[in-house]
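You will see chain A twice below: alongside chain B first, and alongside chain C after that.
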Partner chain A sequence: MSAAIETEGLGKRYRRQWALTDCTLSIPAGHVVGLVGPNGAGKTTLLSLAVGLLAPDAGTIEVLGGMPGAGPTQLARVGFLAQDSPVYAGLSVADHLKLGARLNPGWDEGLARGRVDRLDLDPGQKAGTLSGGQRAQLALTLAIAKRPELLILDEPVASLDPLARREFLADLMQAVAEQQLSVVLSSHLVADLERVCDYLIVLVGSRVRVAGPVDELLATHHLLSGPYRDPATLPGGLKVISASHTDVQTTLLVRTSGGILDPAWTVFQVGLEDLVLAYMSQATGRRRRDNHHLEVRK
Partner chain B sequence: MYLVKCEVVVIEFHLDARSGVAPYRQLIHQVRHALRLGLLREGDQLPKVKDVVAGLAINPNTVLKAYRELEYEGLVAARPGIGTFVTGTLDGGPLAAHQPLRRDLARWLAKARRAGLDDESIEALFASTFRSASEEDIA
Partner chain C sequence: MIWLTWRQFRIQTLAAAAALAAFAILLAATGPHLASLYAASAITGCHGGTCLTAVSGFLSRLSVTSPYSLVYELGIGLILAAPAIIGIFWGAPLIARELETRTFTLVWNQSITRTRWLAVKLTLTGLAAMAVTEALSLMFAWWADPIAKATGLSQGFLVFPPFTGGRFSSLIFTTHGITPLGYAAFAFTLGTATGALIRRAVPAMAVTLAIFAAVQLAMPLWVRPHLIPPDHTVATIESAQLDFGNLTATVVPGHQGAWIITSAAINAAGHPVSTLPAPCLGPPDAKAPNPGQCMESRGYREAITYEPASRYWPIQWIETGIFLALALTLAGFCFWRLGRRRT
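Let's look at the complex of A and B:
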């Protein structure tokens, strides 16, 4: 299967500030990819590069084997839903469908109408008067009805209430089941991603911290708890993601491809949320922990 | 071959986000549980992937993975374009074994209490023994 997105040393700079640094990824097609990271991590920059709204300042990016935004064929293969589901406030729901039909060569009118019916949207209603959830659903309808091979969504559910969020994600997953669609969506809410994503990318401070299939990430990360131990004395093959110590106890989150054989450790499974948070604090709180570590060793 | 209940879907899935158990494992567990209780019988259809996905807002691959594993265990069979149907059973043996095992466990619990262990220590002891026993099974 070809890659949905393939990048090599990709970078983007705004003036002197790098918003994305040395990003190398190979995301296979057929996944629902979650792109997580705090605000300002570079998520929107990466997605904008993938759809061709931005041009890279370093490295390369290929989407479905083509250059992002290069020509009508490439544009038709990729759907994009920008942050906050933008719609035209002055146009009606029916106008939006008409616009979608005119602008997209592969437009699926039956699918678009079917969705609008099922969602109980009034075709005559102006999009500006729709609720947040309805606006998001209208925008999703347009993005799905253009029949893309890859759908990219930037924070699609961030501004929705819990019910609208669940409905939106259920609809998105139904489209994935029916249309064999690859999806990349960004979010800073890990709980939302846990159900829908089978591939995860953690982006913090303009850099990719970890990326891979969710099953594999969960199987190779462990939480260890045991008597105090200097992480420097751990065997090779264990990569420490986060460490915290008291005078007598050490708690580590580690990545390893093998099992944990040392009987001194009690091994716990790690949830996706803890895993993501560990990578986030590794990226932002390193100095603080090092100080703490020094205190312990005194 | 006749199938009367071809379109009747018997069970509905649910997910416990806080359990820490992988969603596909939860689906497998619920099917096995329904089989054990006799709620699902041979010939019954499992919910369609797109209906599970729409109901729970989960990734279709999660459902497919659960169904594949159940198929591998010989409990269900997929018929392309129609759905996934129950072909095996999980009854008899295990249930009959419950009673004596429960009696043994109750005896052991009484012994642990006499030895002065409180509820928490008993749970911790059970959990750590269970874990090392399962690890030995794997190794």
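Let's look at the complex of A and C:
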């Protein structure tokens, strides 16, 4: 399995502020990868670096084994859909397709036309008057019809209403199935990703908290409920992601490769959303504790 | 990419074409009559004193009776303003608008490097900017040819506003010859670079206008006279045909059509004077029937620095070259700025 995106100590700074620091990750190709994290985790910065719209200030990044945006060939291999899917307001839908046809040697005119017909976009309509959902569909059409190997989408559905969101994702999945695309899409909403992704990366504060195939993540994480117990006394092989206690009861989210044998626990299936939230709150909880230490020291 | 440049630039091109066409119609409608007035003025083939009479008749007729002074001023104003308008409306939004509307994320992710994108845009739009401005200038030069001939002959004696200057005067020099090419290229790339730096179209437009206006003003005032070191001469009061109001020379003896940069009367000791010496203010007497002879007899001379007429084209080339070099530098800045990918 080759890597779609591979970074090593990657960092990006805006003036004094680091938007991404020391980020090392490997996103596999051949998957629909969900990149999830809270606002400010560095998702947009990471994806902009991956398409070469930004240059790193530290570390390295390789996309499909090449330097992002390095030349026409590399640009042709990667499709990108930016947040809010910007399009030229003054240009019509047909103009946008022509733009794609003129600027991409690998342009698939049949695919583009087919999509526009199927999505019921009026070729003569100015892109500025399209609805948010239609605009996203048009931008996706441009990104797909250039026949990239890897499609990168930054918060593609964040600004869409639930119905448009569902349609967009269904349409995206269809395109992926037809064209064997690798996809990386970011979101701060797990529910969106759950529907489409088969691989998940949780990014908090430039760090990968957990990464893996969705099936595997779901199979190895369990929600345990039982009589009060200090997590420190648990057997090895169980990694506690989050724990909550009442006087008599303990609830744990754990990761383990084996089964849960202790009959004292009641084992529940864990949903993807709970799993992601556990990893995100784990990170923020740690940060909160750090802040607390700082305050004490002061 | 050529198609995209044209598609995004279509309205501006049509607007420029419409302005050119309107200007051409105006000039074509008034030009032949202007030429016939000139033909009737007996300037062609005049000798010595008759020339001044003929020129005076021609220019005074133009300045009072006709739309010509208006067209003349409009033409000069248009050629002066064209580069600024181009810099503001073609240059400043070229990169800034893409950044502002975030459409750069779309266009810079097609299978074409942004260097190529910028190269095509700058080249095509820049050449259009130069062509439009130079076309305005050439059309106007054709129309104003009779006026240029007449003012050339009048040598600064006759002042019929707005036909006041010879071809070295700041407004005429800036709007004629090849300098409009340089100004257009400079203003356009200035706008583009400002847009790339400020990243917002409207502020970039304002800054472009401010900088270009300052440069357009500074060039004739402080730079142009030094492009080729001027010559110096000391002439007699008589031969310099002094304007006694401020004691400046109106001609350089032996150099017809020269550009007088500075001139001042100097006394016998070689010190400059700024007003008519007291003895020459009184009523003329037999010994000195006019102020000139009066000054002459007291040892006054006129010191002049000037550029001979033969340096018109060398100075045109140097000035144009300077602006083209500035334009290339600014274009280089745009490439560097985009190459750094700080978007």
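Methods note: the second predicted complex is superposed on the first by the 281 of 298 C-alpha atoms of A that agree within 3 Å, B and C clash if a C-alpha of one lies under 4 Å from a C-alpha of the other, contacts with A are read in each partner's own complex, and residues count from 1 in each chain.
Assume a residue touches a chain if its C-beta (ideal position, glycine included) is under 8 Å from a C-beta of that chain, and two chains touch if they have at least 3 such contacts.
Keep in mind that what you see is a predicted model, and the values were worked out from it rather than measured.
A.B. asks: Answer with clash or fit: chain B and chain C placed together on chain A by superposition.
C.D. replies: fit
A.B. asks: With both complexes superposed on chain A, which partner does A:G106 reach: first (chain B), second (chain C), both or neither?
C.D. replies: Second partner only.
A.B. asks: Looking at A:V190, would you say it contacts chain B, chain C, both, or neither? Reply first, second, both or neither.
C.D. replies: Neither partner.
A.B. asks: Which partner does A:I241 contact after superposing on A: first (chain B), second (chain C), both, neither?
C.D. replies: Neither: A:I241 stays clear of chain B and chain C.
A.B. asks: Contacts for A:A170 in the overlay, against chain B (first) and chain C (second): which applies, first, second, both or neither?
C.D. replies: In the superposition, A:A170 touches chain B alone.
A.B. asks: In the overlay, answer first, second, both or neither for which of chain B and chain C A:V32 touches.
C.D. replies: first
A.B. asks: State whether chain B or chain C is in contact with more residues of chain A in the superposed arrangement.
C.D. replies: C
A.B. asks: Just checking: does A:D198 make contact with chain B only, chain C only, both, or neither of them? Give me first, second, both or neither.
C.D. replies: After superposition on chain A, A:D198 lies in contact with chain B alone.
A.B. asks: After lining up the shared chain so the two structures overlap, which partner does A:A136 touch, if you call chain B first and chain C second: first, second, both or neither?
C.D. replies: Once the two structures are laid over each other on A, A:A136 reaches no partner at all.
A.B. asks: Going by the contact rule set out at the top, does A:E178 touch chain B (first), chain C (second), both, or neither?
C.D. replies: Only chain B; A:E178 stays clear of chain C.
A.B. asks: Give, as a whole number of angstrom, the minimum Cα separation of chain B and chain C in the superposed three-chain arrangement.
C.D. replies: So the smallest C-alpha gap separating chain B from chain C comes to 25 Å.
A.B. asks: Which chain A residues contact chain B in one complex and chain C in the other?
C.D. replies: Shared contact residues on chain A (touching chain B in one complex, chain C in the other): none at all.
A.B. asks: Would you pull the chain A residues touching chain B in the complex into a rising list?
C.D. replies: It comes out as residues 31-32, 166-167, 169-171, 173-174, 176-178, 191, 194-198, 215, 218, 266, 269, 271.
A.B. asks: So in the complex, which bits of chain B are touching chain A?
C.D. replies: 15, 17, 20, 22-23, 49-50, 53-62, 128
A.B. asks: If you look only at chain C, which of its residues touch chain A in the complex?
C.D. replies: The touching residues are 1, 3-4, 7-8, 101-113, 116, 340-343.
A.B. asks: Okay, in this complex, where on chain A does chain C touch?
C.D. replies: Against chain C, the touching part of chain A is residues 48, 51-55, 69, 71-73, 75-76, 78-80, 82, 84, 86-91, 95, 98-100, 102-106, 139, 142-143, 146.
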